[in-house]
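Pasting the structures in now, so scroll down.
Next, two complexes with chain A in common: one pairs it with chain B, the other with chain C.
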Partner chain A sequence: MNELVFFINNVVVAGSVTGSIYAIGAVGVTLIFSIMRFAHFAHADMMTFGALMVLVLTTAFPEVGGAVGLPTAVVMLPLAMALTALLAVGIDKGFYKPLRAHGVKPIVMVIGSLGVALILQGLIRLFAGTRAQSLYIAERKEIFRLELPFESVTRPIIVTEPQVILFILTLAAVIGLHLFLNRTRTGKAMRAMSDNPDLARASGINTSRIVTITWIIAGGLAAVAGTLLSLDVAFKPDLSFFLLLPIFAAAIVGGVGHPYGAIAGGFVVGFAETLAVFNWAVLLRPLQQHFPDWLELPRNLAFVGTEYKIVVPFFILVAILVWRPTGIFKGKVI
Partner chain B sequence: MDTTQTLSPTRQRQRRAQWRRQALTLALLAVGLVAPFVAYPVFLMKVLCFALFACAFNLLLGYAGLLSFGHAAFLATGGYVTGYLLASYPGLTPELGILTGTAAAVALGALFGVLSIRRQGIYFAMVTLALAQLMFFVFVQSPFTGGEDGLHGVPRGELFGLISLNSNLAMYYFVFAVFLIGFAIIQRAVHSPFGQVLKAIRENEPRAVSLGYNVDAYKLLAFVLSAGLAGLAGSTKTLVFQLASLTDAHWHMSGEVILMTLLGGVGTLFGPLVGAGLVVSLQHLLAQSPLGNWVSVILGLIFVVCVLSFRSGIVGEILKSYRKNFK
Partner chain C sequence: MSAIIDVRHVNKAFGGLRVINDCSIRVEQGSITGLIGPNGAGKSTLFNIIAGALPLDSGQVFLDGEEITNRPANELFHKGLLRTFQIAHEFSQLTALENLMMVPPNQAGESLFGAWFRPARVRQEEAQVRQKALEVIDFVGLGHVRNELAGNLSGGQKKLLELGRTMMVDARVVLLDEIAAGVNRTLLGDLVTNIERLNRELGYTFLVIEHDMDMIARLCDPVIVLAEGSVMVQGSIEEIQNDPAVIDAYFGAQP
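Then we have the complex of A and B:
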């Protein structure tokens, strides 16, 4: 049974962690796409920016968390979300909005967002250096070990404190987004605009306000995703490099323009990563006695080596774009 | 009787355009031949390599309307293959090394092209980006690339086994010749019926299909041609600097080539040349100034300004004002 615990630790927990982060990022990408019809290449850098804001705030006030009983980084998250949302709205007002007013092709917007990505990345590297930094400054990462009440199980399921926070925040974000899109007037207006912008404008929806709200949501969620990733591992200025393609893969797998699809896509990509590098020999070894003699289990039976983990989302991205560009939920094709 | 009077106005205009192009090419040739006595040859070689890279990219974006986001993969493949071969087989002459590197880039281009060519716009950009990132990790992990350290000490060797390329001046003229060959291929392709069909596809793809052109085949050919020339640029660059590194495969390189083309003018023959010259000079200047760490930010700002208010690029704007004032 220890093998099952090993599976839960390495696949279920790890996959959910990565999946949640990708899902939150992909929701932002997909919302921006469905409202403004372009792929935002600077999104991963907005995530890094959000995480950097948390790092800066946590470094400035390392003791705040202790007073509330939460890690300081989590306490600072709402402020960082607001700052990132402000940045997103600012970039839109200063740059994307004039481009939209000119009616440029989506591909020009993409090239433009590449410039934004370069600027953000350069600034982040200027201020944060190049080394990895932990968001836990004054406190220690707590680790929970859940002992299972079975006799054959000797190893515990291991979940860390940031992972618990991550699950709670992801759940909150998904439920919040669902309620917002389905219950509020603004959310409904947003869905209307995503379906048909001209019709939405004709029926009296203030489309520029919807655009601003979209950037606020996307920026806020980007800050959450970036911070959660940095909490789980550490803050790195080149985080965006490892995030951009996975979140695009997640958004496209889920069908571009579908927020729920993006969430599903995030988990598909996250689990695909962990399943691909999981050593299946561990799970199969207890069954060794049932195998014929000539079949010897190799020590390591993973689909790809751990060093190629990052490549899995790229494969998914290429495969889905080549064979099924609408994604699993029939998204829009650009 | 003067022949120009018998020609139709369109033909006359074409004649004049052709004449202008030839004059410009001759001027370029003259400048290129004199340049190493005025400026530092290694810097000029860098400009020429990147100019060829940008011209190759422009063939795809400017004439076929396809935004590839993974051209760094071809540059790096050409560079690594040439570097590896020349470093491990001392008997190999540099031109054979360059040809093999280019061939490798062509093969990779054919593979990428087949996978990506049927997607358009952003999806095309994303497939090429994902494939290029795959290649990046292949280069990081493969033993023959030297991983994070890259390949060093690639010998320049003797051209055709006769002319030593160790002097920078000899190397410069060789690079200049390579650039001219590449540039001539692009110019020939653009002004051929093939180039006209590409432009037709860029302007209105459904119409090109309805006229009976096999659009996918044309796009694929343009992609492979562009990939091969990018590989040629990468191979030559490896020879010049005697090293091949991961910088060439990084997505920043794919971004830089977009910037060079955009700054100079998308869809103009000389635009990428101007853009590459400017970007390389800028990087050179910034690297020596206290603003060295700001390179990425400044490049990004130029990007944003270009996209915002300067979409036809330097050469494009000059052509525009020329047409407005002299026609």
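Then we have the complex of A and C:
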């Protein structure tokens, strides 16, 4: 039974953690695509920027969290979300809006966003340095060990405090987004604009306002995802390199322009990654006695080594594009 | 009579191509004004300028005395100026009926508060909107396909859906961009009757771009002939049909 706990710790918990982060990131990418029709390559850097804002605020006021009973970084998150949303709107006004006004093709916007990504990355390095930093400054990361009430189980299920916060925030973000898209005027207008921008305008929908709101939501969610990842591991200025591909894979797997698809896609990619690097030998060892003698289990039996984790989303992306280019949910074909 | 739409000295060029050339037109309150002209005369461009879909280079546009030059289409919608598209637009993922139901603004179910805490009001209002949409969809002759996804409708049916869309709110002026193209003859007869009825009973003003001369003859008075980006002639259909300049523009100069 200890093997099962090992599985839960290394696949179920770890997969949900990466899955949640990818899902929140992919929702932003997919929303931007459905409203503005371009792949926003600077999204992962907006996530890093959000985490950086949390780092800066936490360094400035390290004691705030103690008063509320939460990690300071989490208390600072709403402020960081607001700042990142502001950055997103600013980037749109400064870089993308002039391009849109000229009526450029989507590919030009994509290249523009690549430029923005490089600018952001450079700025983040300039201010934060290149080393990894923990978002826990004045506190310690709490670790919860859940003992299972079975005699054969000696190992606990391990969940850390940031992971619990991550699950709660992901759930809140998904429910909030669902209500927003389905139950509000702006959500309805966003869906209308995603379907047909000209008709939306002719039906009295202020499309430039919708664009701004989309950036606010995407920026806010990017800050959440970046911060949660940095809380779980550490803040690194090159976080975006490891995020960009998985979140795009997640958005495409789910069906581009489909927010629920992006959430599902995020978890698919997250779990695929963890399952691919999971050491299956641990699960198979108890069954060793049933195997023929000539078959010996190797010590490590994973599909790919941990260092090659990043190829998994690549593989999923190619597979999806070949066999089901519209994604799990029927999204738009790019 | 007063002009509900007043276009004054409008110019518009695409790159080096001057499409609208010092063009001034007036659409009288309560009229069904036709806008005709050979291909490339600038009809659709002028339309898009009035509807706020294209910025103009110089000139002014007024709606009932209020300047609306370069105002975005969504603002004009709330002022009662509606348009249909030459190539019909629809929300393809919604049914025909839902396409109509989504038009009226400020429905109670559109706010988080209303959706959660005033279900009775939302239901009642939605029932009203639905009732109205059902009437409209029968009015435009699409009752039998009302639960079909709008994306699956034929080109002509989408055109009718566009006309229906303009009837879901209290419009003052409706710009119809080749509403008849792709609609079959029988349906077209109904369409003309319906437009006349909207004009007579609800006081809608129409500005109509059309290539179908029969429809123009039945529906429109006055008719404005546009050529090379400015007004060539304006008058009743008989005057237009007997004007040598118009005949030249359409059929080329007589030898």
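One rule holds in what follows: the second predicted complex is superposed on the first by the 332 of 334 C-alpha atoms of A that agree within 3 Å, B and C clash if a C-alpha of one lies under 4 Å from a C-alpha of the other, contacts with A are read in each partner's own complex, and residues count from 1 in each chain.
By our rule, a residue touches a chain if its C-beta (ideal position, glycine included) is under 8 Å from a C-beta of that chain, and two chains touch if they have at least 3 such contacts.
Note that this is a predicted model, so its numbers are computed, not measured.
Of the two partner chains, chain B (first) and chain C (second), which one does A:R185 touch, if any: first, second, both, or neither?
second
Examine A:T59 and indicate which partner it touches, taking first as chain B and second as chain C; both and neither are also allowed.
neither
Considering only touches as defined above, state whether A:F248 meets chain B (first), chain C (second), both or neither.
So A:F248 only meets chain B here.
A:S134 in the overlay: touching chain B, chain C, both, or neither? Say first, second, both or neither.
neither
Considering only the touch criterion stated at the top, classify A:E307 as touching first (chain B), second (chain C), both, or neither.
After superposing on A, A:E307 lies in contact with chain B but is clear of chain C.
Can you list the residues on chain C that touch chain A in the complex?
Residues 51-53, 72-75, 77-78, 82-83, 85, 89-94, 102-103, 105-107, 109-112, 115-116, 165.
Hey, which residues of chain A end up touching chain B in the complex?
Where chain A meets chain B, its residues are 38-39, 95, 98-99, 104-108, 110-112, 114-123, 125-126, 241, 245, 248-249, 252, 307-308, 310-311, 314-315, 317-318, 321-322, 325, 333-334.
Can you tell me which positions in chain B touch chain A when the two form their complex?
For chain B paired with chain A, touching residues are 67, 115-116, 118-123, 125-127, 129-131, 133-134, 137, 141, 251-252, 255, 258-259, 262, 293-304, 306-308, 311.
With touch defined as at the start, can you tell me which chain A residues reach chain C in the complex?
Those in contact with chain C are residues 179-180, 183-185, 188, 192, 195-196, 198-208.
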